[in-house]
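Both complexes below contain chain A, partnered by chain B and then by chain C.
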Partner chain A sequence: MAEAVDYKVIGSRPIRPDGVDKVTGRAQFGADHNLPNMIYGRVLRSPHAHARIKSVDVSKALAMKGVLSAICGADFPGAQHGEVGGEGGGDVADVAKNVMARDKVLYHGHPVAAVAASSVQIAEAALEAIEVEYEVLAPVLDLDLAMAPDAPLLDEKCFTKNLPEPPDKPSNIAAVMNLKRGNVEEGFEQADVIVEGEYRIPMAHQGYIEPHACIATTNEAGQATVWCCTQGHFEFRAMTSKILDMNIADLKFVASEIGGGFGGKTVVYLEPVAVLLSQRSRRPVKMVMSREEVFRATGPAAGTHCKIKVGAKKDGTITAATAWLAYEAGAFAGAPMGPGAMSVFAPYDLENFDVQAFDVLVNKPKVAAYRAPGAPQSMHAMESTLDELARELNMDPIDLRLKNAADEGTQAPYGPKFPVIGLRACLEAAKQHPNYTSPVPEGAGRGVAVGFWFNVGMQSSAEVHLNENGTVTIIEGNPDIGGSRASMALMAAETLGVEYNDVRVLVGDTESTGFSNVTGGSRTTFATGMAVIQACEDIITQCKARAAATWGVDEDQVEWLDGQAVPAPGVNAELKPLSLADIAGNAARTGGPLLGRASLNAQGAGAGFSVNLADAAVDSETGKVDVLSFTAIQDAGKAIHPAYVEGQLQGGAAQGIGWALNEEYIFNADGVMENAGFLDYRIPVASDLPMIDTVIIEVPNPSHPYGVRGVGETPIVAPLATMANAIRSATGVRISDLPLSPPRILDALERA
Partner chain B sequence: MTKVQVAASINGEAVEFLCEPQETLLDVLRGTLGKTGTKEGCGTGDCGACSVLIDGRLVCSCLMLAAEAQDVEVTTIEGIATDDGLHPIQQKFLEHAALQCGICTPGFIVATKALLDKNPNPDEETIRYWLAGNLCRCTGYDKIIRAVQDAASELAYEA
Partner chain C sequence: MAKVVFPDHLLATTQGTHELETFAENFRELLLQLDERWPGCAERLAKCAVAIDGQIYQDAFLEPLQADSEVFFMQRIEGG
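Up next is the complex of A and B:
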């Protein structure tokens, strides 16, 4: 492990720059913005899960008093195929059809028309006046049945991609993926023990508390401005421009504060509709989803069916492993089968493996990224199977994982060799943790599992403005979803050698800063942070030049130390150091204001590994699970603001526990979600959870100046199997399918 | 439709407004009155983002008709800080990093105010059950509970 570096402000826990506005109600979230003269847009949604649209007639709605515009699929130009979006955006032609259906509706809640009116009440009344004729088709709701050769088709033009031979007929399987190495047959022959498992997980929602919201206004020159809650306003601009066939120069996107996203706000739903309505009505149009609309027509995470087979020697060495992973894409292709397939065996050094993955269309909402998209499901399957293998081998589950753990130099199943990674450090920390070494509480069970996420880099831009008194304003382009302004300010303060409170961070709109990909992929502190650091280094270079000019020495005779330009050793020591404030105050005489900038396509996002521990008790009469303790251990590379890193670990744990224990989309036979509200789709509440213990491991990422690895997504991966394994320990029964809700547990206990 | 005239006190200030009979207090706070600090997460009383105090009692403003606000004292997030600055609850939420996205924060702070006004020294279980009507999807509640505990200590010290 690299030696710990002493930092001045990095690693401290200051109050976030946007904090006061968020505890006083001043901060403006998506639905908080209003414009003079605005009207309200509402969406008409399909009452069928699968139907052909024979006709849509909005004329009666348009004729109503107070209705200013009404549109349907035919009013949209129809986007060309092409990838847009950093994290699961998918084919923009499909995004266009998801925003507004054209010839078919593919899930209950699929938009078919929209109106804008002078009040929400009039808009809702107008929706009832829209006439839609449907030819109702059989919905395809079951993942296995959707994959069957004779299944009804969602898309007659969908031919499975990536097959060895091009298929001769269409299928609901949009694409397959195969990853393999070595020879699994030989590997299984070498095994002393073979364990197999089969696991199903239904769709689950990201469950951000803020519903999608936007307001769009278009002027007579055709230029539109959109305020919205988004994880990436530049990508929302790109999608909207393609969907409406508009010049990007005519679209300005302003990101509001964002009330949670977790991947679910990386794709447009309302924005192109609001822009088109605003064009037609020549008024600003505000659109806000209801919670029910959020459940029925945004997100969710893919439902899955996974099969795992693992063979091992008596000493625990894995000799072969196979995975069969089917992911529900929902209405359009683009389930996260790729990352699911690439992550399933990523923590382990395997000679022989074979992974097959499937991206499957079903008549349910199109899935969106949800924190480490694809990995929680496939790794729940693998980590549950390993738990059974450890039992079979009578081996400590952490020792089993240590025996096979990937390390620096291990070739990852998805190709590259790992640089230095923190998996072993996490496993060792888990093994020594009091929550693992202590006796299991009476009547409870203990579970352990490993989590992994790739983390990404991608494109970021940042500018640093040196104010005339030496304070600093940073402008970057990533909506702050969990404290990123604080981490930017800390990295800037560290780099420049100034006080944290002298740094202000602004999230710029699409016209005030350079392009940045989404706040997603656990990339912001890593990649945008790197842009901020480089922009600060640019300022330092310029400051040294100004100091050199002031002193009449060469630039290489100036050094930067603790926020000041100082003469290099051996240079005239009588020169008085020049602080940022000195240089800024004198800027007019030395060449004008100082502006640093950087833009990059960040490489080398360090992989993130975690180990989770849980103690759980199961009430054998009710099937209710009590989480007695939960411990999240994760390698952060370097925790810039440890409190927000702990927050990521704790929040991801809570979401993963909810996914494991309660959360699921329940569809009836017609494909109508029956629990589209927070009362029936039950996310964890405060009384469901204990304090969540965290251990931040710091194995610095060599590709980042301060060693940062992304931390946002890995935390949700391990809790699913951790809880399943704890419940296995508590009950003696392996319940393969999630959620481990009281009825499922009772049913399993009765069968056992 | 005939509008209803309502006279209420909001954060100590006399307010009169007209509302539709079906409009909720949340609609009027956020719309007519422009007090957007109170958030809407569900509209069905399940998430607590719209928490306000009505004569000191914790209420989901999405479940209360605006017309019912006649003659009541409404406290919203905008009324929690004082002339001296942030309320200790707000300060502790900041110090403990008890918010990530911040959308649920106004509701949690108002709900915590209601709890600590009533019970200045709640144990962890009491806090967890009291706040069970406020959903947070980011934090896992750990830091929120600690912030509330610390705010209770601070208020007890000040008292």
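Up next is the complex of A and C:
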């Protein structure tokens, strides 16, 4: 159980171990790796959003000077079985077809073939020589039209899952989900006020700065090594082994430093292609996506169509709520409609609700996770509707949420009762924050919204090596995307009782450390941290045994205090404490090197709640929105390194604001993305945003030794509705569809 | 007896049963009981996350069940 303690190093803000290399340019990211004799891979992508592939002929490309291999879908192993985890995953066969199309292309940019050549220029020219014959089909691009019974089908073998009776006709609706409790009809009859809203959000990209990149090399025994930027090199190894039907033991994956992932780098795109090209060419093959390829052919967040209805009594008690949530899956099934459905009402204690959710195929790139996948979209709809409800009731929006807030013991919409949670603490902190108690600036509007994410634990491994001088090296298996190496070092130093600077943390490759699930799901500080702590406790147990041997006492007569083995009370007080350096220095005599280890499937991840506040001004002539202030308040359980928790809150807020105000995939009628670059896909830049104020609430998670709750995903959930509510307040007009870009705002103001 | 609840999207697997009560020492034993009742369901249910007395497990196996435990099957979450 976590208890309130004054920690020695936890809660401090040391410089991150990777900081100097990153700011000086020494850090090695995915595209920075080079190998002797390497060649360059490039991908031929479909010019059509929907077409049958009648034939692919790579022979002319292969015949070109400088081209060493050329492949297409037919070169990949046949049937794949099994599943790939995560909200970007799904059936292995689908992931494999997304890596390289087989009989159909399902989005503009879908890989059709690939070549490897001695230069990028030759590779690009070789792509032109590949002959592909298509039978072009009409693309299905509209979510609602895709759901219609007579819609053209992306996959004639797709039958809707989870229906009460198995369907007899295929559909673009790959799966449905229904969550309900109580009786919504009776609940709405009890309501004094009922508010409804309908909301549309287009596809949006995670916008990581670093494009996907990898380099693969193989040997004569068929073993491959892949360096890549990834959120999870173990899971990339697993996916690649399944797609290529390779023995997992013959694959080694090495994670580079990573320039952002946010969920978008939990799925393979280039890696199996690079390995296959390397096997065929017998050369290392380097592949780097262009920014345009990243937009067109990786995994954006799902576009959605959501409908919410909420009924409440005059005092604000919600009596019933319904949600209809349709998510674009893209080319293959697997939209995050489940998490979206489970989170939409999660912050509230409701007796009567009904949620219907749909996973819908459209001819767009297959979606992947984007930080709390599914929740930003569904909760934008609910939090916007609650804002309207507060207006109808003439009630403070925070008070409305406090009136209905979930707490310890509340049954979550997805079933279990919440353990201790921090929602009320976040709402109270928001209500008292100067950014809420101060007057709204002249001409501006203020918005409030709540965010939620489950957070997960999953599998992690860690080893702790005691070096000869008493310093400690930790090896764990989670790519560092948010400062986790610093947090691991802090937790290790706290557990061992040593200085932060006596600890080094490395991210091991798949042959150097035990299995870890992805860096994602807000799990790394929680689960891998737990593994590191247990590995340190293992080292402490061993050190105490060595001290006992050195002193000639029983092991239970040794305690560990402030980084030293000390005699227990009542034992010979003359015995001099032994530091880690002392114990390490005598290790050869007392039994050999000291290595602590732990591997676990971490349980008890605590849910994360947040409240956001924003003041926004709208220029009625241009439609431009100025974000005057933004406050992110979130329960972190315990902030191991407060600066990196603040970074997560600020980063998630910036992404959520961009998603709310400007970001959208714009497709033409042929299904071609028209804004596949940062000039026209407008993410926030530094001049767009004020400094984002943060408040870290600490309601410790009793399941973690230091009270940690994951913080990486919740920050992106609330900003969408926070901005929508601020603009509603500023303009008097509810604009239900995102993004709240200048043209959309001007149009809404003109029609109002 | 432990209360076991299935969400709507699993009702096809549980032949329409939304909720049941049973004795089981741990989750593994529960899964065996359910597979006896609905042959073949264990494979599908093993892919679910399960909440036992408020604690969510992505890969439950030997977690103990108390006499009054509440067990909810739910979709796995991984996140991003």
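The definition used in the following text is that the second predicted complex is superposed on the first by the 742 of 752 C-alpha atoms of A that agree within 3 Å, B and C clash if a C-alpha of one lies under 4 Å from a C-alpha of the other, contacts with A are read in each partner's own complex, and residues count from 1 in each chain.
Note that a residue touches a chain if its C-beta (ideal position, glycine included) is under 8 Å from a C-beta of that chain, and two chains touch if they have at least 3 such contacts.
Keep in mind the model is a prediction, meaning the values are calculated, not measured.
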Contacts for A:655 in the overlay, against chain B (first) and chain C (second): which applies, first, second, both or neither? first
Just to be sure I read the superposition right, which of the two partners does A:434 touch: chain B = first, chain C = second, or both, or neither? neither
Once the structures are superposed on A, label A:592 by its partner contacts, choosing first (chain B), second (chain C), both or neither. neither
Regarding the shared-chain residue A:163, is it in contact with chain B (first), chain C (second), both, or neither? second
Quick check on the superposed pair: does A:603 touch chain B, chain C, both, or neither? Answer first, second, both or neither. second
With the two complexes superposed on chain A, say which partner A:689 touches: chain B (first), chain C (second), both, or neither. first
For A:262, select first, second, both or neither according to whether it touches chain B, chain C, the two together, or no partner. both
Can you list the residues of chain A that touch chain B in one structure and chain C in the other? 206, 261-262
Touch list for chain A against partner chain B, complex: 13, 15-16, 18-20, 22-29, 31-32, 34, 121, 206-211, 257-262, 288, 290-291, 481-483, 641, 643-644, 646-648, 650-655, 677-679, 683-689, 691-692
Looking at the complex, which residues from chain B come into contact with chain A? 20, 30, 34-44, 46-47, 49, 76-78, 80-81, 86, 90, 93-97, 99-106, 109, 124-125, 127-129, 131-146
Enumerate the contact residues on chain C facing chain A in the complex. 5, 7-12, 16, 47, 51-59, 70, 72-80
Listed in rising order, the residues of chain A that touch chain C in the complex are 83, 85-89, 161-166, 175-180, 206, 261-264, 266, 338-339, 342, 368-373, 414-419, 453-458, 517-518, 520-523, 601, 603-605, 703, 713
